[in-house]
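In the part that follows, the structures are each spelled out as structure tokens.
Two complexes, one shared chain (chain A), two partners (chain B, chain C).
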Partner chain A sequence: MKRYDLIVVGAGPSGLSAAIEAARCGMSVAVFDENAKPGGQLFKQIHKFFGSKEHQAKIRGFKIGETLLAEADEAGVEVFLNATVAGIYLDKEVLVQIGAAMEHFKADTIIIATGAAENMITFDGWTLPGVIGAGAAQTMMNLYGIKPGQRVLMLGSGNVGLVVSFQLMQAGCEVVALVDAAPKVGGYGVHAAKIARCGVPFYLSHTITKAEGSDCVSGVEISQVDEDFIPIPGTQKHFDVDTICLAVGLSPMSQLLKMAGCNMVDDPRRGGQVPQVDENGETSIPGLFAAGDVSGIEEASSAMIKGRMSGLAAAAYLGFLNEQDKDNRLADLEVALDSLHQGMFAPGSKGKTFAKTDEGIAVSQSLLKKGYLDDADIERFIHRPDQTIKNSGIHPVIECTQNIPCNPCQDACTRGCIKVGKTITALPRIDAANSCTGCGMCIASCSGQAIFLVDEDYAPGYASITLPYEFLPRPQKGELGTALSRSGQPLGHAEIIDVRNAKAFDQTTLVTIKVPVEQAMTARFYQPKTNAAGQSGKKEIRQ
Partner chain B sequence: MNRISEHPILGETEKGQLVTFFMDDKMMEGYAGEPIAVALKAAGLMVHRYTHKAHEPRGIFCAIGRCTDCVMIVDGVPNIRTCITPLVAGMKVQTQDGVTALEVNK
Partner chain C sequence: MKSINDRSQDIGPFVSQTDDAIIICRCEEITKGEIRQAIHDGMFTVNEIRRYLRAGMGLCQGQTCGKLVKNLIARELNVIPDQLDPATSRSPMRPVEMKVLGNEEVSHV
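Moving on, here comes the complex of A and B:
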């Protein structure tokens, strides 16, 4: 039987991070993952991450995955693929199915980082082919280059539902609606705004009542729900779709921990049945740790930090790291983790509603109900007391209105035009004392695509607006299309006057449109004549 | 038409060699090494199997090998999860009906 100092189950962001830290301390480490490729969920995530520099903010998930793999390799971690851990026994022995063979491995410490499984809900017709999980959609389009469908309805407005909806449009699918039984959008407002401006309608307080079709999905019926989430008769709406995508939450895959005999607790805030753990992820069994989604649903950024913490704790447990070094390094990681655990979406804020931001500004109800900021919100947030904003010459406009742990915009602007400050959940603030060069780095670095450059003096009667664009085909200079509002409504003709692609922009194209000056604060997206965002071209310009 | 030929972030998807395989009584094309389910999806096929008792259709649901909705008969072996089984040239894939192959009207 093969022996290691540490066995890690799961090669996702937390498992790999744990393995890297432990191996760097000199431990022999084996990682088992059931998939043919390592990386867990990271390789399906193609958007730029939130957080700050230490959390690898503004880097796309799959790139972070590539870095982790290279680091694991360099540290000498052995990764076993197509290797499912089927059992875990006393004395830290695991049973692994590798291909068709069953093998036993033993270690002195074990870290369980098996991640989470998607939740499901049932409705009439939910088993029909064409009803899929959001994870399945991500796997198909981002790993295998195949569209999950042509016309999709998304159920779930958490970050997964919002992010996957955007990715579906990037893959060339049409998203006909975003539906959630909750009365407000669950995920980040900036993610919601990205899809709302493409014209996707939001149906909050609605749920799916029927998937239609005989051999596969041909349509879907949704209904409004009352406060008890019961569908209200007579409120049905129908959509022609070939795909229904479910993004209704994740549950920790904690079976192995239970099997090992760890003390388990039911904690709805952490996503269900989770092990009792200390601050470094150690369970009630000494030397057995849990890290990442398996011990509480969060996101990849915190999963990586928690993985590192349990890797270090495991090293200290076996004497590969002295107590003092352990304490110092854990203290740094705790600070990094703590900064992610602040703000309106922090694990501790689950279920709370916020009437005002930390700055004392009333939150946008429109963003929570429809996915976009309305005119009054813009007025309130743009012309807030702590911010001066120009209305001539090129200047940034930031439409990021919730306290989320994120600050790449501040790092992006070397001119000092954008300030977040020490508390990374503070709203970014524009400092008009410093002049903007129009370089566009802030737009490309913003994980939420919430920054625009506006120039009211572009030409007599016309303003220019520079916006982030991540669809194909990339617009061409001189092209004529339609300017869309924050809700995706056509405002009128827009001419493309500049298109910028740079390596530093990392696949985000900066598109500059020319619109009548009255639209300087309302036009926020561009729709080409041939529809790139995959949304149906039924929006006629009414002028 | 289901294949994403070019992606704004990921560029072109890397593909194995284009090969042919059999789906019930039809010949189909796919890329070697991709999951069988992906090749079938590219061809627009939705139903992978029918349940034993109620004869209800099932297709891809989780795409990561967990739910068993996508199982089919592959080279004569039933219950193969097509979403995680790589396509090989000349494979014989059949719609599963309960635990046997679906009768295909010739």
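Moving on, here comes the complex of A and C:
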């Protein structure tokens, strides 16, 4: 039986982070993961992450995964893949299936970082092939390069539902509707706005009442629900689809912790059956820790910090780290975690309704109901007292209206035009005293794709709008297409006058379109003539 | 003893619902109606439902239906899910072929 100082179960963001910290303290560390590839969900995340610069905001998830793997390798972490932990026994012994044999390993500390599994909800026809989890769709697309279907309906407007909807469109699927039983969008407004401007309609207070088809999904029926989430008869709507994606939450995969004998609780706010843990993830069994989604559903950035905290606590538990160093380093991580736990979407804000932002501006109800900002919202947020916005010459327009922990735009602008300040959840503010050069770094730095460069003086009667574009094929200069509004409605012809792909933009293409000047504050997306991206259900622009 | 385990409590008669034919446990093809009926037959815990109907005993080991079954029991008994114990977790956590499970390294150093 092989022995280690630390065994980590799960090579996702949290498990790898824990292993790296522990190994750097001098511990011998083994990580077991049942998958063929390490990284957990990180390698499916092709979008840029939110957060602060210090915590890898604006970096795409899979890049963070690559960095973690390199760090783990450098720290001397031993990662076992296709290694399924089948059991955990007294005195920190684990049974692992490796290939065609069952092997035993023992450690003095164990960190369980097994993550979570997708929830399902039941409706007539939910077991038909074609009803899949949003995470499954993401795995098919982003790990295996397989399109889950042609026409997709997404149930769930949390960040998973919103992000995966966008990725489905990037993969060339048509998303016919985004549906949620809740009366408002659950995820970040900027994620919703990204898909609304592609023309995806939002159906809040709706749920799926039937998946149609005999051998596989051929359609779906949704119905409006009342305040008790009961479908209202007579409100059915039908869509022809071949795929139904469910993004209805995650449940911690905490069975190993229960098997080990940890005190468990069923906490709906943490996603279900979870262990009782202290602030560093230590369970009721000394030396046994839980980190990441398995001890409460959050997101990858928090999972990485919590993993690091557990790794350090495990090192201290075995004496690889003295108490003072432990306290100092944990204090830094707590500050970082705390900054991610602020704002409207913080774990402590779950279920709360915010009428105003921290700045005192009434939040956009349109964003919460339809996925996009209406004209009154733009007036309120863009022309607010604390920022002066130019209406001549090139300048940024920031359509970020919710207090979320994210600030890369501030550092992206070398001219100091964009200020977030010390409070990471504050809305970015434009300082017009500094002159914008139109470099576009702010657009590429915004994980929410909510920054645009507008120039009302591009040509007599015409404005230019530079927008983030993450679809293939990339538009070509000189191309003619259609300008779309925030709700995805066609506004008229748009000519591509510039296409930029700097390395610093990290795959976000900056597309500049020329539109009539009266559309300067309404045109926010571009749809090519031959429709590859920028889908829209509108037939007149589809040809 | 949790009050859940009080078998003398009256949970009322089994009343059929329109969606009783919906499958809850996909692996073992157990319907909502079967699970609700089993609760009225006196199966008040997730473990009992597993043994009585095999719901949650298939390939995925209740990964998909575990929460659904628990919620069904909670609703029939009119309690919150936290008052119900989850299914016992025991090795092997994942499906393992018998020949692999038998191929166990036994040296204890």
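Definition applied: the second predicted complex is superposed on the first by the 535 of 543 C-alpha atoms of A that agree within 3 Å, B and C clash if a C-alpha of one lies under 4 Å from a C-alpha of the other, contacts with A are read in each partner's own complex, and residues count from 1 in each chain.
Criterion: contacts are C-beta pairs under 8 Å (C-beta built on N, C-alpha and C of every residue); 3 or more make two chains touch, one makes a residue touch a chain.
As the structure is a prediction and not an experimental result, all values here were calculated from the model.
Enquirer: With both structures lined up on chain A, is it a clash or a fit for chain B and chain C?
Expert: fit
Enquirer: Should A:K58 be classified as contacting the first partner (chain B), the second (chain C), both, or neither?
Expert: A:K58 contacts neither chain B nor chain C.
Enquirer: For A:K326, using the defined touch cut-off, is the partner it touches chain B, chain C, both, or neither? Pick first, second, both or neither.
Expert: After superposition on chain A, A:K326 lies in contact with neither partner.
Enquirer: Just checking: does A:E34 make contact with chain B only, chain C only, both, or neither of them? Give me first, second, both or neither.
Expert: both
Enquirer: Is A:P129 touching anything from chain B or chain C once the two structures are fitted on A? First, second, both or neither.
Expert: A:P129 sits against chain B, while chain C stays out of touch.
Enquirer: How wide is the angle at chain A between chain B and chain C, using CA centres, rounded to the nearest 10°?
Expert: For this superposition the angle at chain A equals 60 degrees.
Enquirer: For A:H104 in the superposed arrangement: first (chain B), second (chain C), both or neither?
Expert: It touches chain C, and chain B stays clear.
Enquirer: Now for A:M1: first (chain B), second (chain C), both, or neither, which partner does it touch?
Expert: second
Enquirer: Go through the superposed model and pick first if A:A117 touches only chain B, second if only chain C, both, or neither.
Expert: So A:A117 meets both chain B and chain C here.
Enquirer: Quick check on the superposed model: minimum Cα to Cα separation from chain B to chain C, whole Å please.
Expert: Between chain B and chain C, the shortest C-alpha distance works out to 5 Å.
Enquirer: Shared contact residues on chain A for chain B and chain C?
Expert: The answer is residues 34, 117, 127 of chain A.
Enquirer: Within their complex, state which residues of chain A touch chain C.
Expert: Its residues touching chain C are 1, 34, 84-89, 95, 97, 100-104, 117, 119-120, 122-124, 126-127, 251, 253, 255-256, 258-259, 264-268, 272-273.
Enquirer: Could you pull out which chain C residues touch chain A in their complex?
Expert: 19, 22-24, 26, 32, 63-68, 81-82, 84, 86, 89-94, 96, 99-101, 103-105, 107-109
Enquirer: Give the list of chain B residues in touch with chain A in this complex.
Expert: Against chain A, the touching part of chain B is residues 2-4, 6-10, 13, 15, 34-35, 38, 41-42, 46-48, 56-66, 69, 84, 86.
Enquirer: Applying the document's contact rule, which stretches of chain A touch chain B when the two form their complex?
Expert: For this pair, the touching residues of chain A are 34-36, 46, 60, 62, 117-118, 127-133, 135-136, 139-142, 144-148, 170-172, 215-216, 470-472, 474, 507.
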